[in-house]
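Next up, some structures in structure tokens.
Each of the two complexes below includes chain A, the first together with chain B, the second together with chain C.
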Partner chain A sequence: MVRAPCPFLLMDNDQPSTHSDRRRQLQMARSMCWHCQSEVTGEYFCERCVKVQPVSKETDYFTCLGFPRRLTLDPKKLEAKFYELSRTFHPDFYQTKSTDEQAISLSNAAVLNTAYRTLRDPIQRAEYLLALETGSVKDIRTSPPADLFEEILELQDTLEEYRASDRGSDQGHRLHTTLQTEQEALERRKVEMESQLRRLFADWDKLQDAGAATSSAKAERDRILKQMRELLSHRTYINNIVNDLAATIA
Partner chain B sequence: MARIVGIDLGTTNSLVAYMHDGQPCIVPDRNGRTMVPSVVALTDNGLIVGDSAKEHLTRNPERTVYSVKRFMGKGLADVQNELAYFPYTLTETGGVIRIRLGQKSYSPPQISAMILKELKLRAEAYLGESITKAVITVPAYFNDSQRQATKDAGLIAGLEVLRIINEPTAASLAYGLQKNTQGTIAVYDFGGGTLDVSILKLKDGIFEVLATNGDTHLGGDDVDRLLVDLFIAEIRELEGIDISDHPDHMQAVRLEAERAKIRLSDELKTDIAIELPENKGRFTRELTRDQLESLATSVIERTLAPCRMAIKDAGLTPKDIDEVVLVGGSTRMPLVRQRVEALFGKPPHCHLNPDEVVALGAAVQADILSGGTTDMLLLDVTPLSLGIETMGGVMSSLIRRNTTIPASAKELFTTYVDGQTGVDIHILQGERELVKDNRSLARFRLKVPPLPAGVPRIEVTFLIDANGILNVTATDMRTGQSQSIEVKPSYGLSDTEVERMIEDSFKFAAEDIGARKLIEARLDAESLIKATDKSLAEAGHLVVREETDAIRTALSQLSTAKDGTDPRAIRARMAELEQAAKHLNTVMLDDSLKKGLHGKKVSEVS
Partner chain C sequence: MAYSDKVVDHFNNPRNMGSFKKDEEGVGTGMVGAPECGDVMKLQIKVQNDTIVDAKFKTFGCGSAIASSSLATEWLKGKTINEAQKIKNTDIVQELNLPPVKIHCSVLAEDAIKAALADYQKKTDEQPADTK
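And then the complex of A and B:
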């Protein structure tokens, strides 16, 4: 069977839109009720005809869940808001409504679920905020921390050696112990990076709360975002290695 | 809004439930039985379903279909290694299994539709209204093709399927309604043919599924098969007969194995008796619970890995689970309960009837959809990762397993050859790296305007709806126009095929209903005749001769009508007989009351 070439994936468009998309979306951005054409002032429903309104494509996940762009969020409050909005949008409650309303409920619920999934996890939340603030695509390139470069190369060799070895042999046992020690060391490093990240999160939130528009505030913002990007990239790298290690020596 | 019923379409048995005064109830048949065996048989008088069909398993094995759920959304290659166990003939057309019954072949959704129709009729007769809408349950681990096949079955049966809901989560709704629990629960659902494990968080009426796992090909059936294999080997050894050459006896062995397994849930030992073919007498043996358990242990062990996976995916450990709920007939086996208790470190909750709880939960969900129940909401997840094929035969995941549904993902596609007019997209479901190790769901061709490479921008949205079923839409980002996509399912009926089956089913529906009315009228007539005979014998002496004569005339007229084929005539004669015997029945009642007042039993005075 002759098949057309494989699809070429441009990017993950689930993320904040690029410039050209944004222009198009702005044209589509709603201010009028899709049903009665009156101006929508309510948050999720038209105040005049009480029809549910689509969550605009422009709405970021923080706004969607009614939280400010902060990196420390109370998981209980986030969950409560998610449950509340689920009761507002879930298709179960639109079964007796028109097809248009059902379609809006379905797509709103899907956006809400993605928003909650993203913000619930501190790492994904930070990655998403980075994408929002710097307009980059979702995938942050993963890279090893410079000081661990040599160590990781060596570790890859040991892993290969272990995979090829007889697990029951003395050599197998020895390699297993080495890898276990490595895994523990890397996990400690990961925990360390996470606490560094949490400090950066706090820095970010403090800066946002202050809301100063000075040039030093701008420099501080850029510093935080840059360091956060680097740390996130290193953490993901270490995390992948740890998972790989755990799977191999399990 | 018209009433929506909840249906548990099971591998072995099916049930239909409805909501009454805020409580879910199972619809019973005229004899009070709640379960309809999921069996369809072709007899000389046409197709029959349920208890009467079950009797044909041994009489007419080649023309009696059971466990059809195992074939939903599957191709023949998927079930190759179990074909030997089924006495009926399976073939394949267009990636869909077909089951041969006499001169015709039926797809699994058509057979399932017959079971659904039986449930629909049962509900209509009991509730006295027409039923056109339903919530149908499926195993949580069912993939997209299996869900779609279930939805098709509903359509063919003349039901609008408002929701496909997962069995363990349905059970949790029924459980939550009854117990009003908060906290984390694990539902272990081990039925006739499938295993599901779901971990849920219950809070303020929200039932949030954290993770689900399972095996759609693991159930009590597998335990029965091990017993069958054992008995066959012993019979071959002792009697020199190969039972597998005799389909009718094979079915007898299978049913005996199933019954023995069930008895051993309460008893420590039981006697097995199997009639041998060719008048070779009977094979008998004793089977102990220990023997059964040593056989079944391999099957039961296989159910524990999905439990561990689900707990891990939920980000929990067994001690975080507050309550374990057992669902499905196979959880009656003591060994299952022991193993589950050992895994979770707490005794499972088994106060709900494991056969009925799923249908009850489906009725609760139906009530939510119709706006009756507003304080409960189920947030379910997709059990398997969804992705597309990318370069090098690798699957690229778009929506990960255990993502709350509805869930959507968007991808932007372009071309890499000038003037390319189409991009083929292959949709997959599964957790493996390589395309070939995952389940192919569908393929479609995205139409692209002929432009230089890289210029076209088509955004494809993959949306998993609240049924766990995939919907695909595409938009040309340059023009903002949406384009329709014709998705060709890899293991499913095409839309036109489903439509034809619906038409067929309507065509035969009139005949079916006629036949059914006749059967019901005859059954009702028989019980009336029996009751009247009894009244005559007991109280005939209390009324005048003219009256008994009139009753006897009406009786004989009814029995003549009963042998005819007109259900209306039977009903008319029944009304006449009831009228003629009305006085007699009143007299009889007064008489027994009078005797009762004297403190004597009817038997003592007569």
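And then the complex of A and C:
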């Protein structure tokens, strides 16, 4: 169990060693302490006046939680870091501090919660990374999957038919069986897409670890991001129809 | 935020729901989707002498998406190709009184119109002139 640290102890020169140097480099955007105007060199606290520092709006969630932009994260490590920082920023520890510090701790805690919620889920994590890497999702134009759309709309028709039918009748039973088969097939596709996504996640991490700036690395990056965008979109479409199917025929 | 009466009306009584055969003469099909929310929209137009004589849609999505596409088909009927190009998502937003979180539904409807028009254009361009 890690002891709940008083945030103001963090300014000691022997800071907790969980902060890797690489991470500190990421984190230490040179900026001024809001309180004493000295340069902030610590991570979340001013080393001079010991005041808590706001997490910058520009800080992405990976940096906030001290992880590199990778798509395979150890959930245990992520959770541990989240708990550690949660204690650091928890508003309860700031009740006797100034209003400014209270406000900062509150907003830091809020950012931290969102960051953790986003990175905890592999799909949301990938969506977030895509948004970071491509500016906006719309920057990668993928061709709409016309076949999939046709399929979804056809299924919707069958669903409508089923909803309107007498569930106890032969027709109702027949439709129920059809929809159930479709649902199982779609769920299998979803699983297959998710394993494809995991392969892309691994490709992405490998590329980042290699850190090459060659044109082939750039092409590989674009390929991964584009395929990821496509798979994530298709997965959303399938997910929606599967949920609809499940809710209707349950 | 509640849906406006117009959205509810289009949702409960969708106009022009259905579809044409894709390969039918004069039919243009637009198929679009919103990856963010998973909505899927299919909008079709039937054109005779440069005028849209009929339009149909099928939408799998929220009430606003259904209302947006339903309204779009109503507006399309009787318009020329050129006039149809001018339909903007903001017109739909205004007519249906869509809240900010639902603006993307109207964008989807505009995309669907554009896609249907483009598909029609492509089909007619490919056709030999004497069969027009």
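By definition in this document, the second predicted complex is superposed on the first by the 206 of 250 C-alpha atoms of A that agree within 3 Å, B and C clash if a C-alpha of one lies under 4 Å from a C-alpha of the other, contacts with A are read in each partner's own complex, and residues count from 1 in each chain.
Methods note: a residue touches a chain if its C-beta (ideal position, glycine included) is under 8 Å from a C-beta of that chain, and two chains touch if they have at least 3 such contacts.
Small disclaimer: the values here were computed from a predicted structure and weren't measured.
Novice: With both complexes overlaid on chain A, does A:A146 touch chain B (first), chain C (second), both or neither?
Specialist: It touches chain C, and chain B stays clear.
Novice: In the superposed arrangement, which partner chain does A:Y116 touch: chain B (first), chain C (second), both, or neither?
Specialist: A:Y116 contacts chain B only, not chain C.
Novice: Of chain B and chain C, which one touches more residues of chain A?
Specialist: It is B that touches the greater number of chain A residues.
Novice: So in the superposed three-chain picture, is A:G211 touching just chain B, just chain C, both, or none of them (first/second/both/neither)?
Specialist: Neither partner.
Novice: A:Q156 in the overlay: touching chain B, chain C, both, or neither? Say first, second, both or neither.
Specialist: After superposing on A, A:Q156 lies in contact with chain C but is clear of chain B.
Novice: Touching A:N239 in the superposition: chain B (first), chain C (second), both, neither?
Specialist: A:N239 sits against chain C, while chain B stays out of touch.
Novice: Quick check on the superposed pair: does A:Q95 touch chain B, chain C, both, or neither? Answer first, second, both or neither.
Specialist: A:Q95 contacts chain B only, not chain C.
Novice: Mind working out whether A:G168 is in touch with chain B, chain C, both or neither, as first, second, both or neither?
Specialist: In the superposition, A:G168 contacts neither chain B nor chain C.
Novice: With both complexes overlaid on chain A, does A:S107 touch chain B (first), chain C (second), both or neither?
Specialist: A:S107: touches chain B, not chain C.
Novice: Could you tell me which stretches of chain A are touched by chain B in one complex and by chain C in the other?
Specialist: Chain A residues touching both partners: none found.
Novice: So in the complex, which bits of chain C are touching chain A?
Specialist: Per the stated touch rule, the residues are 31-33, 35-40, 42, 58, 60.
Novice: Looking at the complex, which residues from chain A come into contact with chain C?
Specialist: Those in contact with chain C are residues 137, 142, 144-146, 149-150, 152-153, 156, 229, 232-233, 236-237, 239-241.
Novice: Quick check: in the complex, which residue numbers of chain B touch chain A?
Specialist: Checking each residue of chain B against chain A gives 1, 162-163, 203-204, 206, 208, 365, 368-371, 374, 377-379, 388-391, 396, 403-417, 420, 422-425, 445-446, 457, 459, 463, 465-466, 477, 480.
Novice: Help me check something: in the complex, which residues belonging to chain A touch chain B?
Specialist: These residues of chain A touch chain B: 3-14, 21, 24, 83, 86-87, 90-93, 95-96, 106-107, 109-111, 113-114, 116-117.
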